[in-house]
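Presented sequentially are two complexes of chain A, the first with chain B as partner and the second with chain C.
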Partner chain A sequence: MTSFLNAIISGLISGSLYAATALGLTIIYGVSRVFNFGHGVVAVMGAYLAWTILSAGGQLNMLLGILVSLVVLYIFGTLVYRFTINPLMKKPAWDISTVLFLLGGGILLENVLLQIFGPRVKSIPLLVEGNLKLGPVAIQLNDLFLIVIVLVGIVALNLFFKYTRLGQAMQSIAQSIPGAKVVGIDIERIFGLTFGLAFAVTGFSGVLLSTKYFLNPHIGWEWMVKGFVIVSFGGLGSTNGAIFAGLILGIVEAMVTLYIGAIWVWPIWFVIFMVVLLIRPQGILGGRL
Partner chain B sequence: MLELNGVDGYYADLQVLRQVSLVVNSGEVVAMFGPNGHGKSTLLKTICGLHQASAGSIKFEGKEISSLPSHKIVEMGIAYIPEERHLFRDMTVMENLKMGAYNRRARPSTQQNLAFVLEVFPRLAERKDQLTSTLSGGESRMVAVARGLMSEPTLLMLDEPSIGLSPGMRHVVFESIAKINREKKITILIVEQEIRNALKLANRIYMLKKGQILFERSAADVNVEEIEKAYF
Partner chain C sequence: MKSIKKLSWKNILAMLVGLFVMVYPLAGANSYMKHLFILFFIWSVVAASWNLLNGYAGINSLGNIGFMAIGGYASGILAKSLGLSPWISIPIGGIITCVLVTLFLGFPALRLSGIYIALLSLIFADSLPSILTQTREITGGAMGLHEIPGFIPHMEKIHAYYICFVFFLIAMFIIFRTIHSNTGLAFMALRDSENFATTLGVNRFRERLKVFAISSFLTGLAGGFYVHSLGDISPTTLGIEPFLLGIAMFELGGIGTFAGPILGAAVIVFGGEFLRLAGTLRLSLLGLLICLIILFFPGGIMQLISQAETFIRNRIKKRKPVEKVQPT
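== the complex of A and B ==
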C-alpha cells in the first residue's frame, strides 16, 4: 500500500513536470501551427542559463537565475520567430520546412551548449530542502513545491488567455487566422510574442526538470519526446489537455515502474501514443488553447 | 471615400480582377452583383488587405491602402464581413464581439458600440454567453456583422450576408443593414445574389463579370432584367 501511494505521488510529481515541458510546445502549435522540433533544447538552454547564474555563486540566487533565463529565452524566442520562422512561413510548404528548420536549429543549439558547458552532467540544487511526512508516505518538500509552481503557472496561463488582450488575441488566432485578421489583429506581431512566451515557459520547465533530474546538453530530446506524447494525448494546441495528459502519463509511468519495471515505461507510453493518434488524432480533449 | 483605379488581382497564375475601377461615396449603399467565381469576393478581400492587388491603386479617404496589412486597414475604419464568417468558435458571443473592438481606435468606445449592436441584433443579447459554435447559421451571421461593427468602421463591406439563410432571417439581415446605414451613417459596400432585396437598400450598383466591371447604375435607373441577363 505504501509503495502504491508513493508511486501515485511520484507519478503526480513527474506528471506535472512533463506537463510543464509540453506547455511551450502546445502554445506555439496552438497559435501558429508550427511544430517546434527544437523544443527540448530550448528547455535545456533555459536550465543552463539558470545554472550559470547559480554557479557564479555568492549572492546570486535561484530566483535571479530563473528571471534571467525567462528574459533571455523570451527575447531569443521573438528573435527566432522574427528572423527565421516569419520568412519561412511566407513560403510554400512552410509547415514542413519550419519543422525541419527547427530540428536543425535544435541540433545546432545542442552542440553549442555542448561546446560551452561540456558533456558532464550538471544539476540544479533543490529549490527547498526537507521532507513532509504524511503517515507512511514521505514527500520531498521540493517536489511539493514543484507541483505548486506548475499549478500556479497553469492557472496564470489560463487567466492570461482568458482575460488579457494579448491572450485573447492569441486565442483568436488559434481559432481562426482569417477571423483574427478581419478584426484587425497584427498576426505576425502576435506570433512573435507567442514564440517569446513559449520559449520562456519552456526554459522555465527546463529549470524545474533539472532540479529533479539531471542536466546535460543532450537530455532535451528525451524531454521533447515526452512532451510530444503528452501533446498528442492531450490535444496539440491545448494547454489544459497537456496538464491532464501529463498527470495521467506520469501515473502510468509510476505504476509501470512499480509493477512491471522501468524498462517498460517507454514502450507502454508509445503504445498509448500511437493508439491515441489512431483513434483520436485531435487528442483526448481536442485542440483548445 | 473609397476609390479603386485599375486594380488587377491574381490567384497564382489566374487573373481574377482586371482593371477594376470603382467609387464608393460617403454615406452610400453600393451593391455589387455578378456571377459566382467572377471576382466579387476577391475584390472585397483585396480592399481590406487579405489579398494583394498586383496592380492599380486603392484609396481610402484619400490615402493609398493597397500595400497596407489588414490590421492597419481595419484601424483606418474598413470592416469586412466574410461570407465564411470566420467566428472564434470556442469563444462566447460576447467574447467575439469584444474581439471586434481590438483595434486602438475602436477600443475607447467599446461600450457604446456594444449597446448599438445589441440594439440592432437583440437576439445576440439573449445568446451572449453561448459559444458561437452552438449558434444557428442566421445567428452566426449576426455575430459576424456585429463583430465587424464593433471595430467602429466608417465603411462596412459585406460578402453575401444573406446566403444560406431562411427568408425570414434574410429579411432581418437586410433590415439591420439598412438600420446601420441610416442610424450610424456607415457607408456600405455589399456583395449579394439576392438582387431584389439588395436593390431595396442600394443607392448604386456595379455589375462584375469575369473580373471586370461590366456596368454601373444608380438605383433609380436599375433594370432588373438587365442585371439578370448579365448573369448569363
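== the complex of A and C ==
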C-alpha cells in the first residue's frame, strides 16, 4: 500500500514536470504550426545555463541562474525564428524541412554542449530542502515546490493568453492566420515572440527537471520524446491538455515501473501514444491554445 | 520517360559508373573499398526507400532506421537460430518488417496527418532498443547478434559485393518503376494536393498503404542484406548516428528525386570516412551539414546539377534561359 501511494505521488511529481516540458512544444505548435524537434536540447541548454551561473558560486545564484537562462533562451528563440525558421516557412514543403532542420540543429547543439560540458552527469541542487511526512509517505518539499511552480506557471500562461494583448494576438493567430492579418496583427513579429516565449518556458522546465533528475547533454531526447507523447495525448496546441496528459502519463509510468519493470516504460508509452492517435487524434482536450 | 531521353549524358555517366562498379573488384579493389561499396549499396537502398516515403509521398517518416533494424534482426535470428538459408530468411525478414510497419505505422498513418506520423514513427523506432534489450535470449540484448552466417558458405567480401550490387540494382529498379507507375503518380498527387487528388478518384487509403508497404519491405530487405554481409547487428544500429546519416543522405542528394539518395549515399558513405577524422565532433558536423543544406540548398546535389546544366546549356546556345529547371 505504501509503495502504491509512493508510486502515485512520484507519478504526480514526474507527471507535472513532463507537463512543464510539453508546454514549450505545444505553445510553438499551437501558434505557428512548427513542431520543434530541437525541443530537448533547448531544455538542456536552459539547465546548463542555470548550472553554469550556479557553479560560479555566491549567494542567491539559483534565482539569478534561472533568470539568466530565461533571458538568454528568449533571445535565442527569437533569433532562431528570425534567421532560420522564418525563411524556411516561406518555402514550399516547409513542414518537413523545418522538422529536419530542427532535428539537425538540435543534434548540432547537443554535441556542442557535449564538447563544452563533457559527458559527466551534472546535478542542480534542490530548490528547497526538507521533507514532509504524511502518515506512511514522505514527500520532499522540493517536489511539492516543483508541482506548485508548474501549476502557477500554467495558470500564469493561461492568464497571459486570455488577458494580455500579446497573448490574445497569439491566440488569434492560432485560430486563423488570415483573420489575424485582417485585424492588423504582425504575424512574423508574433511568431518571433512566440518562439522566444516557448524557448524560455522550455529552458525553465529543463531547470526544474534537472533538479529532480540529473543532467547530461543527451537527456534532452528522453524529455522531448515524453513531451511528444504528452502533447499528442493532451491535444497539440492545448496548454491545459498538456497538464492533464502529463499527470495521467506520470502515474501510468510510475505504476508500470512498480509492477512490470522500468524497461517496459518505453514500449508502453508507444502503445499509449498509438491508441490515443487511433481513437482520438486531436487529444483529450483538442484544439489550439 | 521523356526526361530520360533529354538528359542522356546523365544516363551515359550512370552506365559508365555502373560498369566501373561491376569490374572494380575484379580489377583489384582492396577489402576496405569493397566494404565501403557494400555499405554504399545497402545505404542507398535505405535512403532511396526513405525518400520514397518522405520525398515522393510526403509522409514524414522518421522511423526508417527502425525498419532496417527489424528486417536485419528478423533475418539474422532466422538464419542463426533456426538455421534457415539467408536466401529464405531475408525475404521473410522483409515481409515481417512490412507487416509490422504497416500494422503499427501504416494503419494509424491513414488517419493522421503531417506531424503526427513523424512523432509516431520516431517513437516507434525509439521503443525498439528497449524491446531488444528485454528479449536477450533471442536477440542478444545490448550485445547484439554476432557471427550471422553469410549468403553462401565460406563467403568472401567479393561475393557479398556482387550480391549486394544485384540487390541494389533490383531495389532501384523497383523504386524507379514505382515512381513512374500509376501508384507513384497517385501518391505524388496526394502529396501535392490531397483534396484535388481524392476528387480525381485517387484512393488515399490504398495508395498510402502501398507506399508504406513498398518502402518498409525494401528497407527490411536492406537490413537483411546488411546483417548477412557484415555478420553482426546490435542496438547501436538504432542509434542517433545511423538515423542522421540516413536523413543527411536523401537531404544532401536532393529530396524527392530518384538519383538524389544514391548520390547522397555515395557522398556520405565515401566522404563519411573523412568524418572519422573529426572524432567526437562527427555528430555536430552531420547536424550542421543537414541544417546548412536545408537552409541554403533545399534541392541538394540534384539542384546544383540541374542549375549547372541550365547554365552550361545557356552558355552554349547563347540565349536567355527559356525555363528554369526546377527539381521536383
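By our rule, the second predicted complex is superposed on the first by the 287 of 289 C-alpha atoms of A that agree within 3 Å, B and C clash if a C-alpha of one lies under 4 Å from a C-alpha of the other, contacts with A are read in each partner's own complex, and residues count from 1 in each chain.
As a convention for this text, contacts are C-beta pairs under 8 Å (C-beta built on N, C-alpha and C of every residue); 3 or more make two chains touch, one makes a residue touch a chain.
Bear in mind the structure is a predicted one, so any value in this text is a computation, not a measurement.
Aligning the shared chain A places chain B and chain C next to each other free of steric conflict. In the superposition on chain A, A:K181 contacts chain B only, with no contact to chain C.
Aligning the two complexes via chain A yields an angle of 90° at the C-alpha centre of chain A, spanning the centres of chain B and chain C, rounded to a multiple of 10. By the document's definition of touching, of the two partners only chain C reaches A:T84; chain B does not. In the superposition on chain A, A:L103 makes contact with chain C only, not with chain B. By the touch criterion stated above, A:F160 is placed in contact with neither chain B nor chain C. Looking at the superposition, the partner that touches the larger set of chain A residues, chain B or chain C, turns out to be C. In the superposed model, A:Q168 lies in contact with chain B only, and not with chain C.
Of the two partner chains placed by the overlay, neither chain B nor chain C lies in contact with A:F117. Superposition on the common chain places the nearest Cα atoms of chain B and chain C 13 Å from each other. No residue of chain A lies in contact with both chain B in one complex and chain C in the other. Listing the residues of chain C that touch chain A in their complex gives 54, 58, 60, 62, 104, 107-108, 111-112, 114-116, 118-120, 122-124, 126-127, 130-131, 133-134, 240, 244, 247, 251, 255, 280-281, 283-284, 286-291, 294-295, 298.
Interface residues of chain A, counted against chain B in their complex, comprise 165, 168-169, 171-172, 175-176, 178-179, 181-187, 288. Those residues of chain A that touch chain C in the complex are listed here as 29, 35, 37, 84, 87-88, 91, 93, 95-97, 99-101, 103-112, 114-115, 221, 225, 228-229, 232, 236, 263-267, 269-270, 273-274, 277-278, 281. Chain B contributes residues 48-50, 69-71, 74-75, 79-82, 84-91, 95, 98-100, 102-103, 147-148, 151 to its touches with chain A in the complex.
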